[in-house]
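Next up, some structures in C-alpha cells.
Both complexes below contain subunit A, partnered by subunit B and then by subunit C.
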Partner chain A sequence: MKARPLSIFAILYLFVLYAPILLLPIFAFNDGTVIAFPLQGFTTEWFGLLLETPALHEATRNSLVIAVSVAVLATCLGLFAARAATRYRFPAKGGILGFIMLPLVLPEVIVAISLLVVLMQLGLDSGLWSIVLGHTLLCMPFSIAILQGSFSNMDQSLEEAAIDLGETPWSTFRLVTLPLVSPGIIASLLICFTISLDEFIIAFFLSGNAPTLPVYLWGQLRFPARLPMIMALGTILVVLSVVLLVIAETFRRRGLRRAGVKDAGGFL
Partner chain B sequence: MNGLTRALRSEGGKGLIMVSPPLVYALLLLAAPLATIVLFSFWTQNFLTIDRTFTLANYAEALSDPLYRELMLRSLRISALVTLVTVVLAFPVAYFISFHVAPEKKSLWLFLITIPFWTSYLIRVFLWRVILAYDGPVNGSLIGLGLIDEPLSFILYNANAVVITLAHAFAPFAILPIFVSLEKIDRSLLEAARDLGESKTMTFLRVTLPLAMPGVLAAILIVSIPTVGDYVTPRLVGGSGGTMIANMIYAQIFDLNDRPMGATLAVLAMAIVALTLIWGIARLRFWLWLAEARGLWVAVGAALAEIVALRLFFLNGPAILGAPATVLSLLALATLGSVLIFWRVPKGRAGI
Partner chain C sequence: MKDTSPPPAIITLDHVEKYYGEYHALRGITAEIRQGEFFSLLGPSGCGKTTLLRAIAGFEDISSGTIRLDGRDMEGVAPNKRPTNLVFQSYAIFPHLTVAQNVGFGLRKSGKSPEEKRRAVGEALEMVGLGQFGARAAHALSGGQRQRVALARALILKPRVLLLDEPLSALDKKMREVMQVELIKLQREVGITFILVTHDQEEALVMSDRIAVMFEGSIAQLDDPETLYRRPKSRRVAEFIGMMNFLPAEVTGEAGGHVSVDVAGLGRAELDLAQCPSGAQSGKGEVGVRPESLTVLYEGQHAEGGREAEGTVKEVVYYGDMTYYDVLLDGAPAPVRVSMRNMPGRRVLDIETRARLAWDPRAMTLFC
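Take a look at the complex of A and B:
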C-alpha cells in the first residue's frame, strides 16, 4: 500500500458502498416507528412482528419456490452453454453466445413488459411459473459466466484419458467432468438463487395475485407504520444473501484449487 | 440424410447441439417477446380490443408529445450522468486494486465490492431515501460540522437523488470491467515508458489509460443501458422531477391500459439508447483522431461547437419544422455522420 491518497479513496469508496447496508440493522433494532435519527432505543419487536404476518409468509414461500426452480433451471441451461462455449467451435459462436448473454445488459423493464405482452396476448394468466421463466432468462448469463470459468480451468486431457480407458461419453461426463466442475455448479446454483430472491421488476410485472418477497416489500413501502418491520425483514435478507455469497465464493475458490489454477478475481 | 448426420457429427454440429437448449430458451423467451413488442408498437388499442392495422401513429405521438420527449431526454441525461460519475469514481478504485493491492488480496477486494450489489436492490434504494432525507444523516452531519445552516433540499425527490442512488447501485458494474482490462496490461510496458524518460503522469496518460480504454468502454455500455430503463429508483427517490421513461411505460400498460403505446415507448427507448451509444462512440473516435492530427484544442473546439449546434437545432427545430421532422432529420444526420466516421476515420490508439 504505497499510494496513500489512492488507498484512502478506495476505503472511503468501500464505506459509501456499504453505507445503506450498515444503516439497515441500526433501524431494524431501533425502538421507534420513524426511520430517522436520533435513535430511540433497542428493541427486537420488529423481528417478532415478522412472525405474525401471514401475507409475508406466503410471499416468502412463493419466493423460495421460484428461486429454487430458477437456480436449477438456469444452472442446467448454463451447463450446456458453458460446455459448448469452452469445448467446441461452431458457426456463429460469438453471435449465439452474445445473444444468450444479452439479458445482462438489457433493462429489466424491457424484458418484463415483452414477456407480459406475450402472456396477455396468449390469454395466459401470469403466475409463479411465468416469473420462473423470466428469472431463468435473467440468471442464465450469470450461471454461464461462472460455469465457463470452471470448464475452462479443467484439464481436457482427463476427459480424453477416460474415453481412452473405455468409458462412454456420458459416463465420462458423470464420473470425470461433473465432479471437477461441481464447485462451479454449486456456486452457480447459489448465485441464481440469490438473484431470483432479490429480483423485483420481472416479478412485479408478472406476479398477478401471487406476490414474491420483493413485490410484497414494495407494497409495504407505502405504509410508514410498516417501515420498521421492513427494515427487520431487509436485515434478514441481507444477512442471508451475504451468507449465500460467502458459501458460493468458498466453493468457487475450492474449484479453482482443485483445478490447480491461481485465483484471478471474483464472479463475472 | 447421410450429409445431415455427418454435419451433426462434426465439431461444429456437436457444438450447435450442445448450445441449442439455452439458445432455444433465449429465442422463445427473449427474441420472440421482443419481436412481439416491436409488432405491438405498430398497432393501436381501442378500449379493450387491439386494432391490428399497421400504423406509425404511436411513434408520431411518442415523438411529438412534449411529455414523452421530456421523459426520454431526462432518462438519457440521468443515464449519461450516472455513467460519468460511476466510471470516473470507479477507475481509481479499479486502478488501486490492480496496481497497489497484493495479488493474493485482490479477489477479497473484488468480493467486498460485489457484495452490496447482491443484496436487496429495493432496500438499498429505499435506504438512500433515508440517507438523503431532510432530517437524514447527510444533512445531520453537514449541519453538525457547521458547513450548512439548514438542510439541503436539492438532494432528495429530484433527478440528483436518482443520479446518486443509481451511481451507487451500478458501482461494481463499472469496477469489474475496468479492473479486468487493467490486469491485462503488461507491466513491462510501463517500465519501458519510465526507462525511456516519461514522467509518471505521462506514462499513465499515454500507456495505461489507452490500454484500459476497452474496459472503460465496456463499463460505459454496461452502466448506461440498464440505467436508462430503471423503474425503482425514480419511483422511490425521484419525486415528480425525477420520473423516467420506465415509469411512463409502466403507467401506459397498467394504469392507462394502452399496451401498444407502452410497447412503442419501450422500443423507442431501446433504439435511442443503442443509437446514442453508437453515435457517441463514433464521435469519440472522431474527436480523438482530431486531437491527434490537429491538436487537442481543435478537437475540444469541434466537440463544443457540435454539441451547441445540436442543442440549438433540438430546441428550435420543433417550432420551425415540427417535432417529428426535427427528430427524424437529427436521426438521419447523426447516422450519416457515424457511418462516415466509422468508414473513413481509422481506429485510434485507445482502441475506439
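Take a look at the complex of A and C:
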C-alpha cells in the first residue's frame, strides 16, 4: 500500500497529459459549432466537410509529398552517418556527430528564420523543396539515433564474414547489412514521416503559397465556424501518428529480436 | 619412423611488421606454415596472434614484410579474393538466414547449379554432424551448434587454409573438450591446413602439429608440442606452457658436452648441453623442473643413483586422479610443486610432514 500516493500522482499526470487530446474526438463528433459542454448530439458532419474542402486536399497533398521525401532523404543520410559513426574512426568524429545532432536542441524558430534568410539571400523562391530541406535537417538526429542503435547491435564480424566468404563490400551491404538494419530503416522512415507531417514552424516560415496541413489548420483557426472540422482533422492526425509510431516501434523490436540482443530503451 | 622431410610450405611469413600508429603489434614475424598441418598461434592477449591471423586473412594490412600463400604474394589481395576462410571468435552466423543458407552463403558466386549447391550444403552439414538442422533458423542454435555451422560454412569453399580465431573460447569446458577432438578429426578428414589462434596452452598442445608461441608481437618459439613442453627455449615460454618449478642453480663446470650445476634443494646434477637453451656460462642461473618429473618416494622406495631430496609438505591439493604437493626442499628458497598420480593403496601425504623426492637430471632445463 506504500505506493498509493505515487500511483494516484501517476494517474493524475497521465490524465492532465492526455485529457486535451481526448477532447479532440469528443468535439469532432459533437453536433454543434461551439466548442463547449454540454455536448449537443452525435454527428459525422465534420468529417464529411473535410472531404468537401479542396484547399484542405491541396494542403494534405503538399504535406504527404514533403513527409515522404523527408523520410526517404533523412533515412538515407542517416544510414550513411550511422554506419560511419559505428564502423570507422575519423578525425573530429565527435564534433561532426555533435553538429548533426544539434537541431535536436536548437530552437526551431531560429532554424526556420536562418533558412528563410539564406533562401532570400540566394534569391530563391521558397517552396515544397525548401520545407523538405528544413525538415530533413530536423529529422536527421532521430534517423541517426535509431540507425546507430541498429548498427551497434550488429556484430561487426558479420560483414567481415560475408567478405571472407567471397562477397564484395557492396554485395555484403545488400545481403547482410541491409537485411539486418532494415527494421531500423523502417522505424526511421516512419518516425521521420510523422515528425515532418506534424511540423509547423519551419513549414510556416518557408511554405509561401503552398501551405502544409498544419499551416492550413493554423490559418483556419481564424474562422470559429470551422473549429469542429479542425477537431475532426486533428482526430485523424492523432490516430495516424499513434498508429505509425506503434508500427515503427514494432519493427525496431523485431530487429532486436532478430539480432538476438536484449532491448535497451526505445520510444515506446 | 618419422618422415624426415617436412611437407612443403603453404604460407611463408617473411619479416612481417605491423604498426598501429606508434604501437608495434607485429615485430619481424618470420615463419613457414606447412601444407596440411594443424598450426597454432599461442600467446597471452595482446601478443599479436589475432592481428597476424587477420593479416593472413587480409583484414589487416601489414606495414612491411611479405605474406606468401602458395608462393603468391598476398600484398593488395582483398580478403574475398584470398583462398583462406576465417572462423570468427563470435562465429558471425548470419542471424537472418537459416542454417542451410548460412552454410551455402559462400557458394553464391561459385557458378554451381541449385541442385549442386543443395548437395554441397547437405554434405557440409553432414560433416559437422548437423544433417537435420538445415531448415533451422540460425539464431535458434546453441553455442556448439553455431560453432559447427561456422566450420561448415568456411569449409564448404574448400579453402587452402582455414583460419580459426579462438573458436572454442565461447564454449563451456565440457563442450570445449568435445570440440577439440572433433576439430582434430575434421582436420585430418579434410586435409586442409588449419591455423588456430588461442591463448589456452592446453588447447594448443592437444590440437596442434606445431605451435608458435608469441609474446609482444614476436615468435618466442616455434616447435611441435612435445619439444615445446620438454625443451622450452626460454623461461618465459616454460612458464607459459604448463607448470614449471624454478630452482636457483650455479654452473660449476663444463666438459665434454656436459654441464655441472649445483641446484638449490636438489644437489649436483650433470646436464646435457641440449638442456641449456641459453648456453651454460658459469655463474648463476635457474633450473626448471616440471611437477611430474619429481616423484614422492614412499617408505622403502629409493631413487636411482641416490638422487633424492628431502623437504616439508606445505600444501596438498587433491584432484581425484592426481594430488599436487607443494614441498619446501631443505636449502631451497621456495616450495616446488610435485604432481603424483593417485593409486590404490597409496596414501595421500599430510601437510607439514616430511617427504622424500626423487628427481631426474634428464627432465631439467637450465636457464642462464
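Simple rule for what comes next: the second predicted complex is superposed on the first by the 265 of 268 C-alpha atoms of A that agree within 3 Å, B and C clash if a C-alpha of one lies under 4 Å from a C-alpha of the other, contacts with A are read in each partner's own complex, and residues count from 1 in each chain.
The rule we apply is simple: contacts are C-beta pairs under 8 Å (C-beta built on N, C-alpha and C of every residue); 3 or more make two chains touch, one makes a residue touch a chain.
Computed from a prediction, not measured in an experiment: that's the story for all the values here.
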With subunit A superposed, do subunit B and subunit C clash or fit? fit
Looking at the overlay, what does A:E52 touch: subunit B (first), subunit C (second), both, or neither? neither
Partner chain in contact with A:T194 - subunit B first, subunit C second, else both or neither: first
According to the stated criteria, A:L180 is in contact with first (subunit B), second (subunit C), both, or neither; which is it? second
Tell me which partner A:I21 touches in the superposition: subunit B (first), subunit C (second), both or neither. first
Quick check for you: in the superposed arrangement, does A:L165 touch first (subunit B), second (subunit C), both or neither? second
Taking the superposition on A as described, I'd like to know which of subunit B and subunit C A:S157 touches: first, second, both or neither. second
Is A:F80 touching anything from subunit B or subunit C once the two structures are fitted on A? First, second, both or neither. first
Between subunit B and subunit C, point out the one touching more subunit A residues. B
For the superposed arrangement, I'd like the angle with vertex at the C-alpha centre of subunit A and ends at subunit B and subunit C, nearest 10 degrees. 90
Minimum Cα separation, subunit C to subunit B, after superposition on A (Å): 10
Would you mind listing the overlap between the subunit B footprint and the subunit C footprint on subunit A? none
Write out the stretch or stretches of subunit A touching subunit C in their complex. 155, 157-158, 160-168, 176, 179-180, 258-260
Flag every residue of subunit B that touches subunit A in the complex, lowest number first. 11-16, 18-23, 25-26, 29-34, 36-37, 40, 89, 92-93, 95-97, 100-101, 104, 106-107, 110-116, 118-124, 126-128, 130-131, 133, 135-137, 140, 168, 171, 176, 179-180, 183, 221-222, 225-226, 228-232, 236, 246, 249-250, 253, 259, 262-263, 266, 269-270
Subunit A touches which residues of subunit C in the complex? 57, 59, 78-80, 84-86, 88-90, 92, 94-96, 105-106, 108-109, 139, 153-154, 157
Note which residues of subunit A are touching subunit B in the complex, please. 1-3, 6-7, 9-10, 13-14, 16-21, 23-24, 27, 35-37, 76-78, 80-81, 83-85, 87-91, 93, 96-97, 99-100, 102-111, 113-118, 120-121, 133-134, 136-137, 140, 144, 191, 194-195, 198, 200-201, 214, 217-218, 221, 230, 234, 237-238, 241-242, 245, 249, 253, 263-268
